[in-house]
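So, here's a batch of structures to check.
Common to both upcoming complexes is chain A, partnered first by chain B, then by chain C.
And now, the complex of A and B:
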């Protein structure tokens, strides 16, 4: 595989994260903003072992073990299944009812099958272009919602712990960052750090707008941001929902492509063939078979283990080996 | 033995007999026996390929004035050392070279007792004079375009770049056509690995003939992408600007288009006029082009998708207008859109292929059919026709992407009609990936947008003045992505 630039690594991680934030499930109050910031702090702490490994150029040592590759691949398949389920439930709120659920899933999988065969380089280039689409969408969102902002609705009480847990559960792309680090040049860790901060900024912006501009409607909605996009329009006579819809679909494809690509890459190390279609099929199968809440809880529990726990154990083992040798 | 490698025999009669045998009685072969300096010789040429007046004045007259020579070796040595005759002089030793030069407009002098012949460049075939390029209009640019004669095209480049750093590398390609193909580049700007790989690809081509850039293009770009990674131009001034950025050009004898390698997507939105306007206006025009590209590609599809699947996204006035217009239509909106675009493509193709005098009439008839009869008969609604007209007109702004736009527009309409904005989003991603995977010799077509080169944004997002642009010595080598 080829090297990718730091900006590409940053974009490739931020866009799936942005999609998860667009589908943020609920609002719990102004404390959610602080909770998200605390969640980001924890994620930064989780990164410390990998950053420490990266100092010695050993950040991807854990991928030499086949069973660890399988474990990470399993996580990405579960995360993909969760994303498919989320798409299935969130799409109708976004007026994406046209194709029907089965057709929508088949179309999405076919597209992802094609995009995942394009390779990491194409995904990385595409991510930078999509960053522009995300930027335009956010500008429209801010322009549309700004007039409705009521700061009085912002209260720091309530929602801290829920906000933190929700934010931590949205970090499914963090383990993917370690897999991608081996393809990044020098400064890959800085790109990961920048991604964490940018994602926090995006989350804070979305939460702030949902709480202050959406009022009671967003606080009671299942997907607050979707409600906000319906409420706030940048122009009086025209609706900008088409842009949000397109961004929603495109970011979803980005996320699924990243997950498929990373899973396929890991499974290839174990000698399995046709890994991309296999990964997508497994994601679809798990999304269909497993209960939504179960998948969400399992992935949320696995994130800290895979993002920080496993690298920490490897770091400690390396330290022990060094001391024994000494 | 193939005639290509067959050596010239020493006997003049045998030389001519073999010549006639290979030419197989072709009527354009002219053989004039003549005695030069007391030695039996023959001047051979191809009818219509050389200028009779020049040949008489520069070749025949000086040859007949040569004093008596002891033998043919002395004669040829005398001609080579004492007579100028022509700047373009080649020694020929095989029939392959003889015929190649003969058919390129050279006069060949054969002499009794010699296994070599002398060829003199006295080309004088009729060719089109330099005229304004038909496909690349520019207000402020030179009104000169390339012609079919490769030497004329080389001279046009040389006139604009009077530096020894501009190098021309001629080669003969095409097993039957023996077409002259010329690689042009600036030695200090061109990435060496790009030049090496282009040479390698051209060497690997085993074509019978090369009639147009389309014959060589597949050898110079990656397979399986719908986006071009090499471009063509018929403007010498545009080509010079590309060469200055380290690109390589391929000129083909007999065709007025030069191939330029590599191509970037953003170049499709740049014209020479951009660099003649004030920066503020050039920037404005450039953004108009980007917008036009999105409109031509997506407007009909979004219109179809929103009208069919997401009418709630329309405001009340627009919704009522569309409902009224579409109520009487016998066809569904996607079919209506696809039909209108297909009709336009048919008329456009007919206008293009027919003789110019009739082509104009076809356009008028097509305009009447689409503009009036289709609406009056109720086959196409007025709003749809407006959308089609806007989309088609916007497409004219970026003619470079016309083939891609034509096909993708129909695909987007189909996706939007079948699956709404969801379908457009998915297809949009597939197309973006297709674009992002397109690269040529390690140069991604999406550069400098992705990978992002902020310094290059001064000629992409804006167009800064030459006071700022003159610094930096930009070459495309900056965009090369090395596989690691």
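And now, the complex of A and C:
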């Protein structure tokens, strides 16, 4: 795989993260904003060993260990299965619940298959363009929702712990950041840090709008952001549903492409061929066979282990080896 | 290469969906009406239509299917400007229309019998409602606000009725009309946007801006209204203050008597960590005119 620029690394991590934020399952209260900020702080701490490995240029070591490659690939397959299930349950009504939804789902999967076979470099290039689409969508969302904002609805009571745990469970891109950092130039760590902060900013914006502009309609809804998009119509003569739908589909494709691409990249190290379609097929199978809640819990538990635990162990082992040699 | 490109382009065009739908095949509704307790009476009126069509159905999906068969095209509710309710159908049906059928969240809700009201072009009602809100004669009410109030602890929403009256409609269909003074008070407690003039006993007052601050202190709602007038002398300001104060107090009194919250008390209570539901808290209104 060729090198990817820092902006590409930032985009390729932020877009799947933004998709997870779109699919925030519920609102728990104003304290959720503080919880998300705390969750971001923990994620930054989890990234410290990865940053240390990247700084010393030893991060490639872990890819030589086939079992580690398989472990990370398995996580990405599980995360992909979780994302596919989420796509099915959280999709706006126009996409997968209306007549013709089977066609939409099949087309979406075919698109994911096509983009994943193009490789991570091509995906990274597209990600920068998609960042613009995400920006325009957010501007429309804010413009449409702003006049509904009622600041008195915002209180810091309740929702801190749920907000923190939800935010941590949405960090499936963190293990991918480690894999991608190997292909980034100098300053890759800064791009990962910027991604973490931008994702937090996006999460805070979404939560703020859902709580203050959506009122009771969003607080009682599953996937509150999709309820907010129904309410946030910035133009009098034109509905904005199609833009929100486009953003949802593009971010979803980017999420699946990143996961399939990274899984394929890791499985190639073990000598397996046709890894991209195989990864997508495995994700589909697991999404169909495994219980939704079980996969969500398992992946949420694996994120801190793979994002922070494993790199920390490698860092410590390398430190011990160095001291023994000395 | 050309042999591959042509079928691919054709396939892409067919997948856009543009080939299968035309604007003429769609009916854009301007107003819809809901009535009927057991059997739903669903009335729709398209833009620039003088009359409305009513169908009788078991539910929304059934009603829309019948309406489409009568209208001869797909019905699009996304630009609807007026929703007319007589109280027999409230939150459940409206919620379904908003989230399942894409009804416009900003459409105005009017308490009236749809069968009678929608016999004429509804454009004038829509414009009248908008202008009344802008001129401070009606409080801001739109579909998402009304639905939010029905989903609140006291399950009652504030709706405009015909002849600029205001009604408190409970989600079970029972309603209470507000007096003229209380209705005027609601306009101060739920302000819209824009500046307007009004006549008081001491002359005409030009209201440049209206600012409302709401807090909850010691279990009591504190509502402070600040009016900025233009070229008003002391006597006019005093008269205006007394009038607004009296109107707001009448609005709060009648609202509490009806067991309703349409001024955002529940949000204040939740922010203050109070349990919502049950008896409504006391509300104190203060007015400043500058």
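In this text, the second predicted complex is superposed on the first by the 311 of 326 C-alpha atoms of A that agree within 3 Å, B and C clash if a C-alpha of one lies under 4 Å from a C-alpha of the other, contacts with A are read in each partner's own complex, and residues count from 1 in each chain.
The criterion applied here is as follows: contacts are C-beta pairs under 8 Å (C-beta built on N, C-alpha and C of every residue); 3 or more make two chains touch, one makes a residue touch a chain.
All values derive from a computational prediction rather than experimental measurement.
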| item | value |
| --- | --- |
| Room on chain A for both chain B and chain C (clash or fit) | clash |
| First (chain B), second (chain C), both or neither touched by A:254 | first |
| Contacts of A:245 with chain B and chain C, given as first, second, both or neither | first |
| Touched partner set for A:216, first chain B, second chain C, both or neither | second |
| In the superposition, chain B vs chain C on chain A residues touched | B |
| Chain B versus chain C as contact partner of A:107, first or second or both or neither | both |
| Chain B versus chain C as contact partner of A:197, first or second or both or neither | neither |
| Touching partner for A:125 - first (chain B), second (chain C), both, neither | first |
| Which of chain B and chain C A:301 touches, first, second, both or neither | neither |
| Contacts of A:320 with chain B and chain C, given as first, second, both or neither | neither |
| Clash-bearing segment of chain B, relative to chain C, as chosen among 164-172, 272-280 or 326-334 | 326-334 |
| Residues of chain A that lie at the interface with chain B and also at the interface with chain C | 107, 237, 239, 241 |
| Residues of chain A touching chain B in the complex | 2-3, 5, 7-8, 91, 95-96, 98-99, 103-104, 107-108, 111, 114-115, 118-119, 121-130, 132, 237-239, 241-242, 245-246, 248-250, 253-254, 257 |
| List of chain A residues in touch with chain C within their complex | 30, 93, 107, 148, 150, 152-155, 157, 215-217, 220, 227, 230-231, 233, 237, 239, 241 |
| Residues of chain B touching chain A in the complex | 302, 306, 309-310, 312-315, 317, 418-430, 432-434, 436-437, 444, 446, 449-452, 481, 483-484 |
| Complex contacts: residues of chain C adjacent to chain A | 15, 78-79, 98-100, 102, 104-106, 144, 147-148, 151-152, 214, 264, 267-268, 270-273 |
